[in-house]
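In the two complexes that follow, chain A is the common piece, with chain B as its partner first and chain C second.
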Partner chain A sequence: MSDVPDDVALYLERRERALGEARRLLASIINFVGEPADIDPDAGLFGTGLGLDSLDAVEVLVGLEIDLGIKLQGDDPMRLGLRSVNGVVDAIMRARGEL
Partner chain B sequence: MSVAAQVAALRSSAGLSRPTHIAVVRVDGPDALDFLQVVSTQSPYVREGRVRHTLLLREDASVFADAFIVKVEEAFLVIAEGPSEQGGEQEIVAWLETSRERANKQVTIHGTQADWVALGVDGPYAWEVVVGLLGPVVLGLPYLSLLRREDILCMRAGKTGEYGYLLLVPRASAAGVEAKLVEIGAPLDVMSVTREALDVCALESWHFSMRTLRDAGFASRLTPIELQLQWRVAYTRDFVGAEALRARRTEGPKARVTCFTAEGPIATGERIQLPSMGLHVGEVLAACDSPTLGHTVGSALLDLRFAHPHLTLSTAPGGLSLRTCTASLVDSRSLHVDPHKHSYATRGMGPAELELLAKERAIS
Partner chain C sequence: MGASQHAVFVTGVGAASALGTGIDAHRAALWAGRDGFRPIERFDTTAMSAHLGATWPGWDGRTQPAINRERDLAATSAPFPLHELALVAAREAWSSAGVVCDPKRAALVFGTCYGQGFKEFSPVADRIAASLDLAGARITISTACSSSTNAIGLARDLLQHDYADVVVAGGADTLLREAQAGFSALGVLSAEPCAPFSDPPGTTLGEGAGFLVLERAADAARRGATPWATICGYGLSADGFHETTPDPAGSGVSRAIRGALSDAGWLAGDIDYVSAHATGTANNDRIEWSAIQRELGAPAVSGTKGHIGHTQGAAGVLELILALVCHREGCVPPTLHFRGARSGCPCDPIAGAEPRPLAVSRALKLSAAFGGANAVVAYGFGTLPTRASPPRSRVIVTGAGVVGSVGALRLSNVLEVMEKRSVGPSQEVDLHGLGVEPRKLDRSARWLTAAAALALSDGGRREDMDRTGLFVAGAQMPAESAQRCAGSIQTRGIAGTSASAFARMSVNAPAGACSQALGLLGPTSTLSSGESSGLLALVLAAEWLAFRDDADAIVAGGVDELSGLPDDAEGAACLVLKRSRETGPIVVAGWGIAGRHRALEAAERAMAGRSVVEGLIVDGDAPAVAALKKWTATEGLGVIEASRLWGVGESTRSSVMAVVAAAHIAAGHAQSVLVVAARGASSVAIVLERGPR
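Right after this comes the complex of A and B.
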């Protein structure tokens, strides 16, 4: 990405990596039939979008901790900003100090 | 009343609307389910009382309509927003008729405009208004479900980020029902709201609105992939536009719709660039002044590698700065309102006050 500044290129690389991790995690939780790449970044987690329920929400928190080593302070996904796939990506990047 | 005042009502109490842009089309006949399988991006199979949120695509996979499908007795209703503001029912009926001829299915398709009127109630206390009309059964109505109460159909859906109900009322009694809603809503400061106010709320809450496609001409070519609506698509099924959509998916998307905010007004179609390099990265699809947030919110079609939140972009060299965001931008009050605990009259009360009030009510 020589046409973009180094800091932007680094951010975009990290963002893509975290998005891939979030998609794989969510795809495994909801037994997603398609490719993880079909999960849209702004898709909501609850209600519309991926249609997660409260049990799935716990799985997201557990999955973040076990699969990615990310422990979030709190147990309410909505209060933690985990309302969409991008919300999960933000949480991953914040935990890693990348955001 | 200003759009800002209407949006404030939608975000704090409730707004009443007459969504004349929504078409309600009845599909009857022995092949009704098979026919809807052919036109809907998701299986239209729903048990009575549930609502399927789906899309109708053109053959090139671009989005033709944003639709709900519900089953009522032996028929299905397609409740849809089409591509133009005024087209309404005729546009949807004509599209379905064309598809019926191609699919060779035995169905009858007819608009219901002459029979029914659609009334919208949206807002964090919209449920309180609808309870006043249809009774407490509304309190337990989950999102995307349908309630039939005498001759009124009530669908809980909504695209504002708040509680939302669409009432289908027989035309003969519509004026009376509307007057009743106004009467019930008066103590709740309920206000009549326009399509424009509802569109602003949809953009603030990052709900897909056909406005996104209407405002920018080039947007009418966008598919569910660029629009981030793949959760409404079952790729394993065959439907109008499926072949083109699968081809687009295999090819890989080049761009994606992304949410942004800006400090000043931005026009639809404005070019967006990476400021330090002057690199063109996309265009504005839709934008509006957000009374809730106090700045501009919008959606932009960005090259895929830049279609991420937390980037600073600009409209032109030295132009207005904009920032891509994680949607949704608004913390909807409805997320914090529980119809079983709260009411408009007790808004702002803390848990201790609510508990005390409940005890007092129990005693009295």
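Right after this comes the complex of A and C.
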């Protein structure tokens, strides 16, 4: 839109792309019924959120590193801020220097 | 009432594992303190976390047995034919028993985790049966790593209830690349030889085959056979906790131990020795030992995966055979590679390299598995008192559920669409509406869970879930998870094998997920015996409830998932059977199991002396259907052939037949219906009838 500054528009476009990647990755890991776009960006990954367990958490790390080519600094999901769908989006963007 | 249960003798044993081929090779290795681990050569393990495997030496040509002499197996990377490995052990067991019997009365119960290359399950049993001329009931069990333990228990039941005079029971699995990669991705492999209860934690995969020949003690004694042991009972249970992690409280293992003790009529203090599952992983060993202590005090315990690795579906029978070889010489097998107890593990699990002298009168073989399927076999020696046969309890049908391309149906509306043939994808079911959290369920697991939840809600009230079991027919690996696992290997390489997809990639995974979603913690089993499996699950559930008291209800049915073939159908169908003092509207009046193409024999047994039913629902080839029509006097409902029912997959078809029979009775269309599944590895029949008002 014309009234949005270019850098904000670029940020939103990159965030949307990373959210799409995060949703697709998580949808496949949890056998999500429906469209990945239906996954709430604010949903937590563990517990009452998406219900990931430690096995799935490893899967998220492997998916980020191998499927998306994201270099992660460590392998503890909590320390990496991977607590919610948005946390995964942040991790993707941070690794790409987009945050 | 008052009659004793039949004691069942083990009169033949055969084994092939990393220790070698034949019982003598295993005995020699046990007393030499030798293990069977070697670097895996048949596939590249560079990207995996472990490179050792307990591979069968007959495979790679180093000490190739006669059976494979003409074949250069090391040159090919194709999966080794599982039936050839199985037959090495099955032939030894059969010839060592030296039993002569009518082939029609000789049954086979085969257990396997991954079958022939993750694809063929029942066909492997077909080849074993053909080679040994076993023409009786033929059953394949796939409850992952407890498969062969479960198989031995079921074999005991077939003899106990006179479905056979001789049963060959055991299991086999080969070490497959994807399995090594999957276990590697799960982080449960040890870089060193498996050291149960000790450091470093982790398991080592192996391969092998083990078989027992079982006979009723009276028959064996009559022909002067010397028994290896007496099989006295068994127990099954579901953890209902996680695909791969055992219930931390160990309550699943506990329930299976209690089931085996009660089946054998033993007390906890009677047990002299336990052959533990003891995979070597931190979780399994600690949880299993806590359950053993809680249930049994402190019996002698050891685990033999330090010798033969984790032989997957063959683990239970091979480890039992290693124990029997030691017991024959007054000893128990050691836990090889034990260098001091890990936290929460026994401090002396028969430490050392050689078998240790110990008098054993009564013992247990424990197995646990992915999907949370536990199995325990009780065995003993000498003159053991047998438990009085319990009176046969009444078994009733309390509900049914069907899920498929026709939608989600219950007993009350299933007849509306029964002849609406349709194929293709199943309709999604609102699991939330059934009180189920659908999170993480793959397609197979969703269909099965939905059908089971519908069937349970049909009954009107919730059962005691600790005492509600789940018997499932499944012909294949869940396709969606198998494809996801294969896809992860394709796109990421073997190092990126999806652990969560691999964990759901066993035939019993849908049952495990369903147990977890619905909290069904009673006995569980998964049968993979072709088209009659669905009805077989129902018959085995009826038998369990009629003659045992460690479950009040069992959900029994089948599940299929689209595999990509044209005209493919998917879905699930379940019935809830309940043991009941009072009669119910639908009573399971009788049932029968017989060999392939022996539908009349199964039907005759199910009819139990009656001559007339009002309906016959049958699946079979033309001659079988014609013979059944001629033999059964049907009045009223007449004959319904399964081909008229909606398109459902192989595992679900005969479950749907039983649901339709129950629905006709519930609707008042018939007083009694005979259901016969005449296709598949066994012929199976059941009679449902209207209970007295």
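A few notes on this one:
Rule of thumb we're sticking to: the second predicted complex is superposed on the first by the 99 of 99 C-alpha atoms of A that agree within 3 Å, B and C clash if a C-alpha of one lies under 4 Å from a C-alpha of the other, contacts with A are read in each partner's own complex, and residues count from 1 in each chain.
Criterion: a residue touches a chain if its C-beta (ideal position, glycine included) is under 8 Å from a C-beta of that chain, and two chains touch if they have at least 3 such contacts.
The model shown is predicted, which means the values in this text are computed figures rather than measured ones.
In the overlay built on the shared chain, the residue A:S28 is in contact with chain C alone; chain B does not reach it. Judged by the touch definition given at the top, the superposed model places A:V4 against chain B, while chain C stays out of reach.
In the superposition on chain A, A:G74 contacts neither chain B nor chain C. Of the two partner chains placed by superposition, only chain B is touched by A:R83; chain C is not.
Shared-chain residue A:V62: touches chain C; no touch with chain B.
Applying the stated contact rule after C-alpha superposition, one finds that A:P41 touches chain B and leaves chain C untouched. In the superposed model, A:L50 makes contact with both chain B and chain C.
Of the two partner chains, chain B is the only one that A:R15 touches; chain C does not reach it.
Between chain B and chain C, it is B that contacts the larger number of residues in chain A. Residues 33, 50-51 of chain A are contacted both by chain B in one complex and by chain C in the other. If you check the complex, the residues on chain A that touch chain B are 1, 3-5, 8, 11-12, 15-16, 19, 33-34, 38-43, 47-51, 78, 81, 83-84, 86-87, 89-90, 99. By the touch rule above, chain A contacts chain C in their complex via residues 28-31, 33, 50-51, 53, 55-56, 58-59, 62, 66-67. Contact residues of chain C toward chain A in the complex are 185-187, 242-245, 428, 437-443, 445-446, 480-481, 484, 491-493, 496, 498-500, 503. Interface residues of chain B facing chain A in the complex, by the touch rule stated above, are 53, 143-144, 206, 228-231, 235-236, 249, 256-259, 274, 276-277, 279, 305-311, 326-328, 335.
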